[in-house]
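Order as written gives the chain letters A, B and C; numbering starts at 1 within each chain.
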Amino acid sequence: MTLAKGSAFCVFLAILSGAVALISLRTGAVPISWREMVGGGDSVGSMVFQTMRVPRLLLGFLCGGALGLCGAAMQGLFRNPLADPALVGVSGGAALGAVAAIVLGGPFLSHSIYILPAAAFFGALAAAILVHVIATRGVRVDVPTLLLAGIAINAFAGAGIGWMIYGATDSQLRDFTFWSLGSLAGAGWDATLGCLPFVVVAAGLLAFRARALNALALGESNAWHLGVSIEGVKQAVLAATAFAVGAVTAFTGTIGFIGLVAPHLVRLAVGADHRLVLPGSFIIGGCLLCAADVIARTARAPAEIPVGIVVASLGAPFFLGLLLREKRARA
Amino acid sequence: MTITARGLSIVRGGINVISDVRFSVSSGAFLVVLGRNGAGKSSLLHALSGELQPAGGEIAFDGVNIRQWSPVALAMRRSFLAQQTDCRLPFLAGEIVHLGAEAAGQRGVGARRLVASALEEAGVEHLAERAMWQLSGGEQQRVHWARILAQVNGKPQGHCLFLDEPISSLDIAHQHELLQKAANLARRGATIIAVLHDLNLASRYADQLMLLHETRLLALGPPSEVLTSARLREVFGITTHVMPHPIDGTPLILVGPTTFGTEIRTDSAQTALQTLC
Amino acid sequence: MRKILGLLLLSTTLHAATPLRVVTVGGAVTETAFALGSGDVLVGVDTSSTFPEMARTLPQVGYQRALSAEGIASLRPDLVIVSANAGPPTALAHLAALKIPVLRLVAGDSLDGATTRVLQMGEALGREGEATKLVEKIASEVGARVPLAAHSPRVLFVMSLGQGSPMVAGRETAAAAMLELVGAQNAGNAIQGYKQFSREALVLLDPEIVVTTSRTLAANGGEANLAKLLPGLEITAAGRSGRLIVMDDLFLLGFGPRIGEAAQELATKLNEPSRRAER
């Protein structure tokens, strides 16, 4: 990585996120004037701006960013550009927690908007801890075992979800379906501020791990010989993923794909150096989710499309196109 | 750097691969470990470098138990080149060498300068901006050699290099070039511990050879003492003729004319074969 | 939550003026608004609002459990009436924060629930007189339904959301409540909610009549296929007599203003002799 390329990329990221933020704040079902945006006041427009648009943009950016960041870290840990936070069972655990809250929480669910996110978060955390315990031999975390344990935990969560769905009423079933499609519709200041500390902790855990992840690309043995405490990196990546993806999934439901596509885009632009890939994936992931959300809330306004659907239906063809272009370039 | 092993035994997958090995090498030594496939050469290297926890015995770097060294401090004093290194993310060759410079504690301009000189020393400066996946196996290995050179940080005195079959992907010119550079580092005070399969290369560049056989240390000493026909027959089961190299007098090993004697099969194997028939 | 409740109370007491821009969420809610003569003040409905035909032409605010506060706000309503099922809670809280009155109707698949909701809406829409008349009409329709013949028949209600594997209605479902209202036995009462049923259990239940919704039938390609989807049905009483009743989903299960009509029609159909016997 040359310095020039790195700084050009940073400028690009700044312009991109500014543009996405502006578009996101300007578009929506309710027309909002510039004066209402800047001046405040208590007109419907400025209220919508303050209580919905701004927190929604921030939540989208936090969640997309966390998914991109954790995706990049996971890919570094597994040394595989196809790795994804879902691999270690975090998403499965969150989904099981969410469906349990929806089906069993019934009457309590309406008391607090935090019950569903809390259940999803603890589900994610429990899955991550379980996977970690299973894959730990002595003081070492065995990465292939981690992967297999993740698959097993996902299957187990799938079974649990199946049981819950079996016992669910029609409307609970619909609730879970919509939750699993992912949406930022629940965004308000409480969700945004609820999500923030977890994403900050995750970013903090990964902030100084870029060099270690770079070394880990050469395998655990070489990383160790390059002075990396590999167990520390593994624990940090796992903990960060459990925290951030757990919290994000809790507040927005399952949103796939960003963890895969954001780091891929960054690597295409600036290569594999995690000092750029980690922050770059955060910003690109955040921009992707916010951009998809603009479509999700305007395409069928006044109704709203679950953003997960938008992400997948725009992201998948785009990603395929990229793959084909790369294939041609390599041929 | 002086490396000492006492009563070292290593178990891998429940099988004893090294039992009760003791030796010491000091600065300036170029030690080559020889032995059959599966003799525990690689395991020995990984244990000596601190990566593999031995089942018994202890290893000391400069008299300090290796467990008391932090990974970071260790990385500044020892480096490890594997036979082959996979890199599945799209790193550039220069970025790989940069990892070595960072391990040596260099950052920023210092690191970039170190990377440039290591690339040049390994003769791969023209590959710096190429992605690793675009390079051939041999080119990749030379980039990793440059990474090791960066990790040495121009201070071979007090540094130990572990080279695990470092030349198996290189052409004959680059094989000699790498070993010659390693020997130069030893001359400047580095400790080199390498695993090689080519007996003649070992004999040419090493000043000490270690012969491992059936988990034990069979012989340790200068090439002229270690490389004898009898020992090679015992370890490898081949018929060899050892003669002094016509130019520098190091032992030159010629194989044949009849490569395998009946000794290749141990008695028990032969009995087993007979029972089967 | 408490905030919403507080606002609800406020909205019902302070909102003396007749609202002019109303969003209704829930099929039966929209139906009731039209039945009370307030169809012309509706500015938005949810996806389940399929009756009357007029409702389909109004702007859609999405699925009733995945509402968008900004989407609803963009219609500038002065009243939002939602069914007890509506959500998510955050969206409703956001509407409250925008000072848009939200009326959440009481829950309950029962005659009582249905009439209470009509009265709630009548008050909110300034149509108290119409609401009282509608409640009376419902009561008389339910009272005037044809009484079921000699014994109450064992009725199996099946429904599927998409294609394949129909679900049987158990206890605590709208279908069970409707069967109870007309005095029929719900054959699926052994289970709770909508569940898939094994063939053998189906034979054991031996329903005399099968009731399903028109959407289920449409999704599965007609009556002939339904028999295939419910293997074992042919050896039950219902299968042998061929007694299958098909009714519209919202009409039969909505517990809205047409509950009386629905009860009448269901009772009449349950009393019809078997088609095969006729032949």
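The definition used in the following text is that a residue touches a chain if its C-beta (ideal position, glycine included) is under 8 Å from a C-beta of that chain, and two chains touch if they have at least 3 such contacts.
Treat the numbers as computed from the prediction; the structure is a model and nothing was measured.
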Check: So that we know how the chains sit together, what is the shape of their touch graph: line, ring, star, complete or other?
Finding: line
Margin query: Centre to centre, using CA atoms, which chain is the farthest one from chain B?
Written below: C
Check: Taking every chain's C-alpha mean, which one sits closest to the mean of all protein C-alpha atoms?
Finding: A
Margin query: What's the distance between the Cα centroids of chain A and chain C, rounded to whole Å?
Written below: 38
Item checked: Whole-Å gap separating chain A and chain B, where each centre is the average of the chain's CA atoms -> 44
Checklist line | Centre-of-Cα separation between chain C and chain B, whole angstrom | finding: 78
Item checked: Multi-chain contact residues (two or more partners), chain B -> none
Next item on the list: Name, in rising order, each residue of chain A that touches chain C in their complex.
Entry: 28-31, 44, 47-48, 51-53, 110-113, 166-171, 174-175, 178, 183, 185-188, 190-191, 297, 300-304, 306
Check: Which of the residues in chain B end up touching chain A in this complex?
Finding: 46, 49-51, 71-76, 78-80, 82, 85-92, 95-96, 99-100, 102-103, 131, 151, 162
Next item on the list: Within their complex, state which residues of chain A touch chain B.
Entry: 1, 75-76, 79-81, 211, 214-215, 217-219, 221-222, 224-229, 267, 271-273
Margin query: Help me check something: in the complex, which residues belonging to chain C touch chain A?
Written below: 1, 44, 47, 59-63, 65-76, 85, 87-91, 93-94, 97-99, 172, 193-195
